[in-house]
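Below you'll find the structure I mean.
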Amino acid sequence: MHFDSDYMNLCHPLILKRMAEVSQQSFSGYGNDSLSQSAQEQICRLCQSPEAKIFFLAGGTQTNMVVIDALLRSFEGVLAADCAHIAIHESGAIEFTGHKVLPLNHNNGKITARQIDDYVTSYYNDPNWEHIVEPGMVYITHPTEYGTLYSLNELEEISNVCHRHNIPLYLDGARLGYGLAALNTDVTLPDIARLCDAFYIGGTKCGAIYGEAVVFSNPQKANRFFSHIKRHGALLAKGWGASLQFDTLMRHFDDPSRYANQTKDTLYFHICRHAINQAMRIREALLQKGYTLFLDSPTNQQFINVSLQKAKELGNHITYGQWEPPKDNRITIRLATSWATKTEDVDQLINLL
Amino acid sequence: MHFDSDYMNLCHPLILKRMAEVSQQSFSGYGNDSLSQSAQEQICRLCQSPEAKIFFLAGGTQTNMVVIDALLRSFEGVLAADCAHIAIHESGAIEFTGHKVLPLNHNNGKITARQIDDYVTSYYNDPNWEHIVEPGMVYITHPTEYGTLYSLNELEEISNVCHRHNIPLYLDGARLGYGLAALNTDVTLPDIARLCDAFYIGGTKCGAIYGEAVVFSNPQKANRFFSHIKRHGALLAKGWGASLQFDTLMRHFDDPSRYANQTKDTLYFHICRHAINQAMRIREALLQKGYTLFLDSPTNQQFINVSLQKAKELGNHITYGQWEPPKDNRITIRLATSWATKTEDVDQLINLL
Amino acid sequence: MHFDSDYMNLCHPLILKRMAEVSQQSFSGYGNDSLSQSAQEQICRLCQSPEAKIFFLAGGTQTNMVVIDALLRSFEGVLAADCAHIAIHESGAIEFTGHKVLPLNHNNGKITARQIDDYVTSYYNDPNWEHIVEPGMVYITHPTEYGTLYSLNELEEISNVCHRHNIPLYLDGARLGYGLAALNTDVTLPDIARLCDAFYIGGTKCGAIYGEAVVFSNPQKANRFFSHIKRHGALLAKGWGASLQFDTLMRHFDDPSRYANQTKDTLYFHICRHAINQAMRIREALLQKGYTLFLDSPTNQQFINVSLQKAKELGNHITYGQWEPPKDNRITIRLATSWATKTEDVDQLINLL
Amino acid sequence: MHFDSDYMNLCHPLILKRMAEVSQQSFSGYGNDSLSQSAQEQICRLCQSPEAKIFFLAGGTQTNMVVIDALLRSFEGVLAADCAHIAIHESGAIEFTGHKVLPLNHNNGKITARQIDDYVTSYYNDPNWEHIVEPGMVYITHPTEYGTLYSLNELEEISNVCHRHNIPLYLDGARLGYGLAALNTDVTLPDIARLCDAFYIGGTKCGAIYGEAVVFSNPQKANRFFSHIKRHGALLAKGWGASLQFDTLMRHFDDPSRYANQTKDTLYFHICRHAINQAMRIREALLQKGYTLFLDSPTNQQFINVSLQKAKELGNHITYGQWEPPKDNRITIRLATSWATKTEDVDQLINLL
């Protein structure tokens, strides 16, 4: 039983079915095809953003580096939580493009409008500002690396402060499906499209073999994005391989031919909601059995702080993520569910806890 | 009927079958999985290169930029034919990594050991050599952008001159299958592994949805390649998505469980040979009907020079690639077959010619 | 006696005199000082370009890389003669900034408006243009690497074609003084300012210890140039060290306090004209004595094709530049004069010829 | 009276004298000249490092970016204090070369061997290390940005831990003269050469017009450094312009022809000691008059925390550096002396305090 991450299973069966259906057809390369167009239309409709520009890339790190490099002027940096993926786990891919990541202290993975405002205001008040990297955009993750979510109010405040300072807001939605499908969130896909200049809808962790859908809800920011993709070596020759997966995920799950306007009707939401349900069962069991939650996550990643002894016992039966190095004989571990998690595996996990 | 390129169909049905088989299983991320290990073993065996290091990336431009950036020191450039993909059609992706492409005049897409030797010798004889980009590696394509092939003797000479000058030889095998399956080639996969320091076996154009297998037959050159991949944003979270495709393509085609030592036994060779057979049928018809071949290609790309009138007529029935801009009322076009080309489509094409 | 290059002597004595005068004064750093302001005003006046923005950098390669990187969008390249300094002798410094140099065949160091027009037009007509580096600016040298000069008419045509295609024109004036002081040129500094978006007035080769003055006669192109300089590590802490040299060179040579509106009145012109006079003496002697000029240069660099025997003889008495490697027992060499060349050395050289 | 920085005066008069002496001579370009050789020999001797390789560059940011880029492999980052120049005031010049700056919390500008050890050890213990930028070198400043100094013992510990982990140690000596000339320091130039793999001796802030001398006391680390300089556009055509300044500064100050083995005999030490003496006079006066030192600095930069009212009063008579933004009606300011500070200006400053 595997609970170490949410990218351990290939893809939802409907995607393979769809692939089989189109495998006899020929398509033009580089995203100039009917499947890409269809997937783009679905996403525009679900985002209530008819003017949005949509592009499909292979993976998350790549998406972050291409979008950030495209949105920034060469002498600008990107503001992000100090725990953000781009600040830590992407091996300097952002710096490879020549840009500095400007870290802000995170609170359970999140940053605030106030922090952004303070940073940018201080920057321009600094007599030496021209000698310091200029903050040129804001990067947030939703859900965060800690599984937490921004509230609609928090997102609106961040969006306001960004636009007041005239810097774009970009949201990394590697796990966006698990954020949208969380039980008590008040943030919808159209909210995200309205509040961010650009974001991506994660495929790799939410049912696809590979693929992330970049959405420029502010279409002016998409200017020459094709050239940026190409120059980063990120253009997929068979663009439709990625877009058909989104075309499948973004349709109504029990009747793929019916166009849906509500994310909740989509296969994407449906399978991510399953992951949330399983995660909530684990969370409840943890609380009942007296475990110490490392923090309160409403999404598919649950973090607990356990004794090394307990961690070792669990390790005999399941795989999990080691989140922080052991300290004082205790360790923080991550239990992740996904669209593919089996209910019976969660049953067994609960018994083991 | 589509003859414009060889990346217009998703993938061979056996790949989708294999995907369905593993879709219930969980795998570790980032290439640490049993499918990647199996595919690596297959490729080592077929290359007769037990020590080779194998990595799987998503696409060709990406593969070129990561490998070239990894093999070069920061102040070095890469020698390549002036018509090479990296010199023209990759939108400056190599320059994005900070390296210059040093062009050599091509002859039907190929360069010679003599040209390389002359360039490197002149370089070190130039009193200003330290002010000029140093040639740090050689890049060749096989088949070339013009569909032509190196002979074993030519490859051996190029390899010798590279190693005499102590610079690595890298072969871009985006269409390698069509090269190996050509009718009169004397170059085998073990030859390529023996003569090149690194090369890649193209998947995207030869039966896979996506994926290129980088082979460091000189394993020392693979030092820290994982870090290079990661930093370029090119690491696939679900590495097994690409490797299972190679694991399928590199097995014996009618009995996937049997390990084969001969490329000729593999699904990869089998489906590429089909493309060659269809291309040779087209070539013969062209010659019979008095067309002017732009050059003599033994692989899946056939180039002809036709009147604009004829080109327009063909365009009513088939799609083709426009190779060079029209001149003097004539135009050079490309007819490409692939593993997916239907025999009956070629029948019809021949009737149209 | 040294005739190998024009950067073998420190600087004109008036510069050292000026340095001594200001060495007791304190100045603000990073170009915010009265000397920089004065030098900028002088240059604006001489260029008849009151709105121009002027910056002082240390050397030529650095200037080229910062200006080119600032003028181009990240996915664009720079059109240049294939013999241009940026294409050959700058060790990939342009590629280091991520940009490709797009070479055009040179004719005695020059390129034509027609070549630029053809390249750009073909580019946008190419169905694959988005896969190819976009031409984003034009770089020319004046004088060229071969000592030749553009005529006013040629410059106007190049400027027109650039602006018609909406790409900036940048002129590398490492030896600009020797171009302006040539005997029969019809190109003046105000012409260059009017026709180019940006250019630099070379100091290092024309009387200064170090320093090049970048002129954005199109001031919009100077947007955020300070940040570009800083990020390239090219900002001089003591900016006035470079600007006082230009402030000295750009004043009337026999009365440094009098502002001059004509380049011809300046110390810069005066000392460069001396180099031209000496070069013309050499040229005449060469013609009289039956030497084969490699090409006809009106500036301070003279190229001749001599037997290896003759070259060796000369080498016993003078130093010269080896321009092309020996071939068929003959070799092309460069004899360069400079602002510091002594008349009596030229006398002796003429005797030796 | 100017106390805002230590780079407000052109250069020591002996440098201009030396320039005048050589201005009639011709020298080869790019550092291949007798003055550069002489300066290199002087520095090797003073460092007691006969095998050291020495290079002369124009400025500090440039030196940092070229050295760091040369010492790191492409996927590595540089450990530095979070207040370090490269982490803040160099506008992303390090990131421009593709490398991440990995910040450590500073203590009065310094970092410790323990911090480095902990960081590197944790890094390799992290199961995700391959996804995180690898620490590839350590950067320290001496004196630090806060004017503080490492003790010999601290430097030895840092050197040991670096070499135990097999990563090079690089010391930024922009103000090295003021560190060597401090009154109670136990660190000498040979110590620095012995303990660091590379460092630079600052010229711009210590008596030169421009110029920093990079010393690779570990000569293997200098491999191909010329090519790195060139590619960064940092090669000075007239290399001797910078090296003659070091040749002057590094000689015995009252008899420039006598070679000295002790830094203390050099003009460099002599003029920096003057700055220290003046700074200590200011420091004593501050303490006597009851000012609050922001921290205890033994070098030419003194930091005090004063009321805004007092700062305004001082501002009527002198210039100073604003170090931190005002807070609670108080502000931290910097008073910097230099080799050029006049004793009578310090007298007056003391009266004003």
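Each chain gets a letter, A, B, C and D, in the order it is written, and its residues are counted from 1.
Methods note: contacts are C-beta pairs under 8 Å (C-beta built on N, C-alpha and C of every residue); 3 or more make two chains touch, one makes a residue touch a chain.
Here the structure is a predicted model, which is why all the values come from computation and not from measurement.
Of all the chains, the one whose CA centre sits at the greatest distance from that of chain C is A.
The greater number of contacting C-beta pairs, out of the two interfaces A-C and A-B, is seen for A-B. Centre-to-centre, using mean CA coordinates, chain A is 43 Å away from chain D. Chain A and chain B, compared by their mean Cα positions, are separated by 33 Å. Between the CA-based centres of chain A and chain C the separation comes to 51 Å, rounded to the whole angstrom. Annotation for chain A: residues 75, 90-92, 96, 98, 130-131, 227, 230-231 touch two or more other chains. Residues 75, 77, 88-92, 95-96, 98-101, 122, 125-128, 130-133, 322, 325 of chain C are the ones that touch chain B when the two sit in their complex.
Interface residues of chain A facing chain C in the complex, by the touch rule stated above, are 69, 73-75, 98, 130-131, 134, 224, 226-228, 230-231. By the touch criterion given at the top, residues 2, 4-5, 7-11, 13, 16, 19-20, 22-29, 58-62, 64-66, 90-93, 96, 204-205, 209-210, 227, 230-238, 240-241, 340 of chain D touch chain C in their complex.
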